[in-house]
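Next, two complexes with chain A in common: one pairs it with chain B, the other with chain C.
On to the complex of A and B.
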């Protein structure tokens, strides 16, 4: 019996029919658990109110309707939230890419005194529980007249996005052979030209991955924007929560709102799904 | 070649370092300062020495919150890492082997997207969604799925289960990231190692414990630190999902939410800062301990 099993394994790595069935069933079941709440959101968003509140579960809406979506869009501050969210997110991501790319260049391409310390500092920022900082952050921005402003929130987001951006781009830049720099400099490039004409284009995929990751983080944030700004200057996440507390049982429009607010991120993700997974984990795996 | 290096270094690093000094170092210094004051959040304040910390030691809610953080700190990473490891292994090495290379189970690409999907949703949205999943009457998703003869479960409104519900949501949201993280780690383990072991008659279980796990150790360590930090945070979910502000009866009270309540609702910003100081040292200690205890001598 043992010998027979051993033979089997020489041909096919430690596999049995039973094991394969078990693996597949487990995978499917768990995938269902993971996806079911998302399906339920879609389902709820498409149902008229009486079906949402019904005690009999409707797995498919009997009378599908888009009313929930239109009532979400027409709700107070929705359009403002959408625009604010875009402005804050794009500002923060653009700034993080520029600042982060330069910092990553310095760390990846130069040996200098204090380099290790800077890397340590970058990593330590990620350890900070955000809420511990919210009181002093609020005070500082208040002093600078940046509360209730999109710029103030973007600044805080920039700070939050930087560690990840620098760390990931550092990995990408370190992967570009230094010989390329040297060859270009022998051909007469200045150092600045090397950065601009050689390293920047080659870091392209890394920039895309970090941009998308940054977009997701900034777009999804709500604690800071909620604390610093009044409702007219908040993003869609804060809008969603505001609506949840104000209209407790209007689940249909709320779920429709949740879908609309997640849409940009989900579309981004599906477009460059492979890149983001690599980018998201690049820093952690190498760290 | 060395000529002209420092202008670049200084120019490239001045902005991030300035931001860091102001927003992180500056903010922490201010938090430490405020923790020694009776500041309410408005107007002036007096220095009160260690009064806030003495009060903290005598505050039963603080201890409840701390205990909840520690429960989640212990349970959540173990469960998350175990499930994520299992599925990452399944997706990478779990399937048949063709042409001598092991493969993931059928449909691993689809799984990867499905598992990762919750990671895209904002915590705000996740919390709102699960408010519906845990709806305490028959219109809630889970209660709707249960047989009619059961009386509806209260979930978040039940003292005994509320914290567990929140932990489940956290695991649901985070697991995809770790499946992808571990998959990436497993992908960098050479196929020939698995092949050699398989030729020697190793089973899948042996492959997992003898090859995958040891070679993945560094990644696990990183995962543990990330998850631990998440366990110290928890603010978003508790803020949105908990019944009656960290209730019922403080059943979902956690430190970060105590900071928020004291600072913005009870007008005790000084006291809230003291909790912030405690949270700061707890997180730091945790991260340092994890990295130290789990450190193994590097092979290379």
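On to the complex of A and C.
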């Protein structure tokens, strides 16, 4: 705390009091403007219909109600969307973790011919706009009879998550000192034992963070699933989109549905936000 | 892509590599088995990427030289080969060029605004009271956590012509009549709204990354500059920004890649049927393929999109190598 105060003092050297007041006001205003749309979702979801459909908006619900939530849950395909979403997401994340961990291990722990090429491929692949691939993917999966199936979407999501998974896990594994491996091997451990007893346990937190981020990615996807599958085989995000187009003006239930749909990812996101903030730009900030 | 690794630019060893290779003793059995291990570990990943990425990419290119329509899709007949016809059709079509120009224009404007806003917020966070900083962080975290679809739907509701709160608030301004104002009739207004949505949703990532970068600026330098009489603007331009440059380059490149692929926001704001003047490359390719069953034409547009982005992607990867993230 003392250190922080000192920092503030250093930073405010030569800065006017007025400037500081100005900055603080700006900061508060910024926070309010940023959060307002989020607040409005909550506000709308809690209002009865006549308060939502009012020419003079209610900035606070006068008669808060949970009706919108029950109406959202009772909407067609909600339960299907929830279950499908969970199945697709968990399948994709689990597969990506297993497959990606092995590749990450190879890149982080072995010096071999072609390593750099693999790294390059992983980096490039992360940048390919996946939407561009949706046409051939649709045609391929259709030919393989995998459209309108949860497996087909899971496969596409696996591809969606894999590059990021490999890349982040590589970072976590590289963070474990190689000397630990070597010491264990000198003591008679085999490569496999080093993996089970050292690398896997020490990458635990990294695996969790990667899994959670993968969950968010897969959970939030709706274009691919909406293209490949019929409404009964889609996830909650696609269900939400369907709701918007079908029940255009029912904003209360729609916003309640939006809250239900985004709640898991918002919670997950807030839990691992530290990792996400540094993940994409790691290395550019040396610390 | 090879330009990144640039093996060709390295001076070749005198006399070629063969002599050197001959000098190395033959690897033992154990060593050779070891050399296979990393490839075996990477194999599943490579299989997935080849099957679900490289092959579709190849199929997309092939498709763009064919003429695949609904008939071929339903009957399973091999679509006819049409050579460069699809590309010719796109490149001579003013609608297509309109889409390209719109996508590029939106990307430039939205990226500049997002990065400037992000930088501004990051700098602001250094000056405010810790409690204000915390409030800013919390607000940004919630915005960041919001799924794209939900964020877009929220804006759709905020700007609803009848019951949207935005019209109500603007209408309060003296002399302005915004009751029942529709935001999407005039494309400039509609696009402003899309831009606001994209910038709003993009600020958290940019501001939080950049503010992490700002902590790396040595305070001694800033202090020394102040003592030497530099104004805060001079200190920003000559000390802070140069140190921040690698990070700024990366986040800007990422923003370009993301915003160039704009899809969700216009899709949701226009209820899944973006009007011609709300089409960007991503939505245009998609609607051509899945709306009009012109799978080949959609593929050709997607190929052109990827080619247009390739330059930016190479730049990004070079940057990643440069800062030493990739070793």
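A few comments on the model shown:
Simple rule for what comes next: the second predicted complex is superposed on the first by the 252 of 287 C-alpha atoms of A that agree within 3 Å, B and C clash if a C-alpha of one lies under 4 Å from a C-alpha of the other, contacts with A are read in each partner's own complex, and residues count from 1 in each chain.
Operating definition for what follows: a contact is a pair of C-beta atoms (placed from the backbone, for glycine too) under 8 Å apart; a residue touches a chain by one contact, two chains touch by 3 or more.
In this text, all values refer to a predicted model and were calculated from it rather than measured experimentally.
Applying the stated contact rule after C-alpha superposition, one finds that A:185 touches chain B and leaves chain C untouched. Applying the stated contact rule after C-alpha superposition, one finds that A:240 touches each of chain B and chain C. Of the two partner chains, neither chain B nor chain C is touched by A:88. When the shared chain is aligned, chain B and chain C each come close enough to touch A:105. In the superposition on chain A, A:265 makes contact with both chain B and chain C.
By the document's definition of touching, of the two partners only chain C reaches A:116; chain B does not. Within chain A, the residues touched by chain B in the first complex and by chain C in the second are 10, 12-15, 19-20, 23-24, 26-27, 30-31, 34-35, 37-38, 40-41, 44, 52-57, 99-100, 102-103, 105-106, 110, 112, 118, 121, 125, 127-129, 131-137, 139-140, 155-156, 158-159, 162, 166, 191, 219-220, 222-223, 227, 237, 240-241, 244, 251, 254-255, 258, 261-262, 265-266, 269, 273, 277-278, 280-281, 284-285, 287.
Against chain B, in their complex, chain A makes its touches with residues 6, 9-10, 12-15, 19-20, 23-24, 26-27, 30-31, 34-38, 40-41, 44, 52-57, 99-100, 102-103, 105-106, 110, 112, 118, 121-122, 125-137, 139-140, 155-156, 158-159, 162, 166, 182, 185, 191, 216, 219-223, 227, 237-238, 240-241, 244, 251, 254-255, 258, 261-262, 265-266, 269, 273, 277-278, 280-281, 284-285, 287. Partner chain C is touched in their complex by these residues of chain A: 4, 7-8, 10-15, 19-20, 23-24, 26-28, 30-32, 34-35, 37-38, 40-41, 44, 52-57, 98-100, 102-103, 105-107, 109-110, 112-121, 123-125, 127-129, 131-140, 142-143, 155-156, 158-159, 162-163, 166, 191, 219-220, 222-223, 227, 237, 240-241, 244-245, 248, 251, 254-255, 258, 261-262, 265-266, 269-270, 273, 276-278, 280-287. Interface residues of chain B, counted against chain A in their complex, comprise 1, 4-6, 8-9, 11-13, 15-17, 19-20, 22-24, 26-28, 30-31, 34, 83, 86-87, 90, 93-97, 102, 105-107, 110-118, 120-125, 128-133, 137-139, 141, 144-145, 172, 175-177, 180-181, 184-185, 188, 194-195, 198-199, 201-207, 219, 222-223, 225-226, 229, 232-233, 235-236, 239-240, 256, 259-260, 263-264, 269, 272-273, 276-277, 279-280, 283-284, 287.
Per the touch definition, chain C reaches chain A in the complex via residues 1, 4-5, 35, 37-39, 41-42, 44-46, 48-49, 52-53, 55-57, 59-60, 63, 68, 73, 76, 121, 124-130, 132-133, 135-136, 138-151, 153-158, 160, 162-163, 165, 168, 179, 200, 203, 205, 208-209, 212-213, 215-216, 219, 222-223, 226, 232, 246-247, 250-251, 254, 257, 260-261, 263-264, 267-268, 271-272, 282, 285-286, 289-290, 295, 298-299, 302-303, 305-306, 309, 313, 316-317, 320, 323-326.
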